[in-house]
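The structure appears below as structure tokens.
Chain naming follows the written order as A, B, C and D, and within any one chain the residues start at number 1.
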């Protein structure tokens, strides 16, 4: 068996002093203040063994990574009825999301582009009595950690500046692909994105996707087929306009967020999370991508 | 001199019993209840002489025709600074307005597509202390008629269902081409569209565009150059996706609204308004278009 | 009556030494060698009176201006059947012509964008035995001048570099909106664009559009309705992405070409041609636009 | 170890009498005559063991599957210089390929959409002395089978009707992303698509992608990194607008063609080819997709 602690240590050592770390997202003050030098990795094997290095215990804003968790809850509640309201195909262009939505009559390309994640939020608002509480409860259960919380200041900032999301939501509404009021749906959507977790918690929460739908506490949340579907979407749509690049460089299903987090996994094998807040021009963590590329290269554990 | 009363009488007679009158706009209840058989014409010569026939005294919702009036007020207040925030070219496609706005980085194609008219509304909200009162005052002055009013029920209905306008406004906001809050701007925008006028009032209000910027009461509101600009925009952009067709059929600068009104004019010659609430598939009054085509054919008074 | 010779003399004097004359089209050598200082004007009144100044007798490549002439011949041959294969509405964007064609299933927006003019060429290839000869004959007859010729070197150059036109033609073919072979159609299309005329010849050829379809030799080529249609298209689509601007600045139906020529007209009044080879960023003759704007301002002869 | 022969036998038995087999491609006569009931499977393990069932020895037109082979040869010849001329990201929409190409300034989204494959053909035309011979030689070597041939009748048919490909090629040419003459490039492109192979030959030719770049005859054609890149592109872009669906249903890198063939592989494990000429609405073999889904479900051999 490989010495995983040694592998992540060496990756951490190699990348922690890299000068060119990308740019910290600056569209809201709460994210822009983060020190670009933060860098943590947490690895969990399917067996349950854990390996950590660096700032793996520092919580960060998971942002778009929350879209995998909200999709999971909606999928559990609605099953395949979900796919009447969105597709599962890669979107191609991030720069003209509204054009795409208009051309395709209000059906988002997949649940990870913003318009798709807003439809997921709408489903949860319809299905849950107290969406914020119940979603948080779900994430805490997945991660087996009751300390995970939202950051209301981050949510409020995004709400105050998220004009494109409002535009997408109203466009969805015009195509009757939003059941609830735009304000209600986006309020919840921004809350979900504001979830704060550290690398270890994120890894624990995603254990279920490597383990056929069964979480660490042995509870089965999703069917094997549902897990396969979510992993397939992570693989083809998880990295904005860089999905093809990530599939090549890393070769794992995964999801990134503009907070600088990435989580990736090999079914039946492991889950790994990285956090480094500097982003490359396509909006993915620069050092995180390099760390994951190094990890799959060194361990030969990828889908290829 | 031609016998204009006889001309409009014969047009009215010929078209009033036409079976195929198009469809009344049905997206809000207030508009859908209008009797499709309403049909009025009012003509005013540059000399001041008036000719009326049919339902020319029945008020109707002027809808997009208000965009010419709001543009005029904003143009008067801002001059050519206006054109930093929008262009003056025809838009081509009505079906993908948001795509176009996204492709052109938040600069609307012209002031008569919805996104352009929303920017105009934003300018008026910034420039005026009491936008609704002052705009109404401006229109009443132009028409020399203090009885003209908004219809708050129509404004409220449009507000409740105008999701595409909200999407456009938030997209403009994301491109920093909207200074005020979306809700405030759209509230005003929907009010302007809800203006109710009859054919005579509309004709009187547009007299200024045939008379080099001087209204009936001899007040100069706009420069000759500004009037020429507005007439040029009416000519190339006044009829949604049917501008080319209207230029051919009628050959006059003009503007239509989904309430079934059309106003058109020949500079130095006349202004004419028609109202027939049934629309053709491209959203312009079916009988109104035919009436204006007949008018310019019979009188040989067009730009061609 | 105005002293038209004095008017055009003063415009010529005012603009002939203007430093900033725009850029001569350089995509083919034959056009790029033209001296940017060429500048001519020719005016013909509906009465037949002529006024000339500057380089009005120097032939230049009429390029896209030929699209009005080819449309006229096709319209005469096919009547309104023509409009099954193209629309009459402004196109909005010049930069994504193929996108527009794809979105609209192979139906060009109007006969003056390249795809539309290629369909017109296809119609002429189908209808005429010897398209090149017969089209030249038609133009010579309109202009009453048998010395007008094609420039085969220009046609050959355009053919060798006209990849976008080939792309458009094949796309039309894929939508079954081209009857003949692409090579045959484009060969003819490039020939038409290579026509060389001077300002006087161009003015004479367009006399018919100001005179209800009757040319100088008193022959009726087109119906009044057909002429009105063509003038309407010139007004709304004649100046690439600057149609709205031209309608405002000049206020006349007209057509420009990248050779630096512009021809414009006021029905029942006059035809005027200008030539100055420097282009503004939107592809229209810079000095020519200014000359025409000055002409309509000084003479107050425009549609406004 | 699993009894693979039994697995593919049972899949074949289950699907061979399925009534709803999709529609055979009918855009050229040569493809439309194929009997829809053809159905073959060939499986090769990394160890070299082979398993066959049904019409696995009947040659069919591999069509777009050739794009993987041409990419491989160009990649071998040019290395990463290739990626200056195209991207590696999923394309999203198949219906507006030219729009996408225009929006992205002539850089194809990936080497498997037609415009990308045409650029690959252009590279091979530039790099090879006798492109057709050398490409065939390369494929025969990969498959270790000197009987593989082109079908000139299929190539000629596609050439005669491939207008969209001509449009794409000329558009590429206008963006200077095509070095050679369009006719020369497309002639070669259509030849490559006309390659005929049976399931066994196809499986053999793709063995290299499961075996780190080393073919059956132990020759190393591509580096491990190049193989990983090609597999990543197959995974994210191999199934037209159904890449996400295939990743979910089957969970393997693969490529389909409109001739009804599909080849898929699990690195280090196996290669499998299926052929059933009926297509689903998105252009992939209907029964082939079902067979591969059944195979990965039964054997649990997929990336998930």
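What we mean here is this: a contact is a pair of C-beta atoms (placed from the backbone, for glycine too) under 8 Å apart; a residue touches a chain by one contact, two chains touch by 3 or more.
In UniProt terms, the chains line up like this: A, B, C, D = Glutaminase.
All figures in this text were calculated on a predicted structure; none of them were measured in a lab.
Chain centres were defined as the mean of their Cα atoms; on that basis the chain farthest from subunit D turns out to be B. Rounded to whole angstrom units, the spacing between the C-alpha centres of subunit A and subunit B is 48. Separation between the centroids of subunit A and subunit D, computed from CA atoms only, is 32 Å.
Computed from the mean C-alpha positions, the centre of subunit B lies at a distance of 56 Å from the centre of subunit D. Annotation for subunit A: residues 96, 103 touch two or more other chains.
By the definition of touch given earlier, these chain pairs are in contact: A-B, A-D, B-C, C-D. On the side of subunit D, the complex with subunit C involves touching residues 96, 98-99, 102-103, 163-164, 166-171, 173-174, 182. Taken in their complex, subunit A has these residues touching subunit D: 87-93, 96, 100, 103, 109-110, 227-229, 231-233, 235-237, 241-245, 247-248, 251, 253, 267, 303-304.
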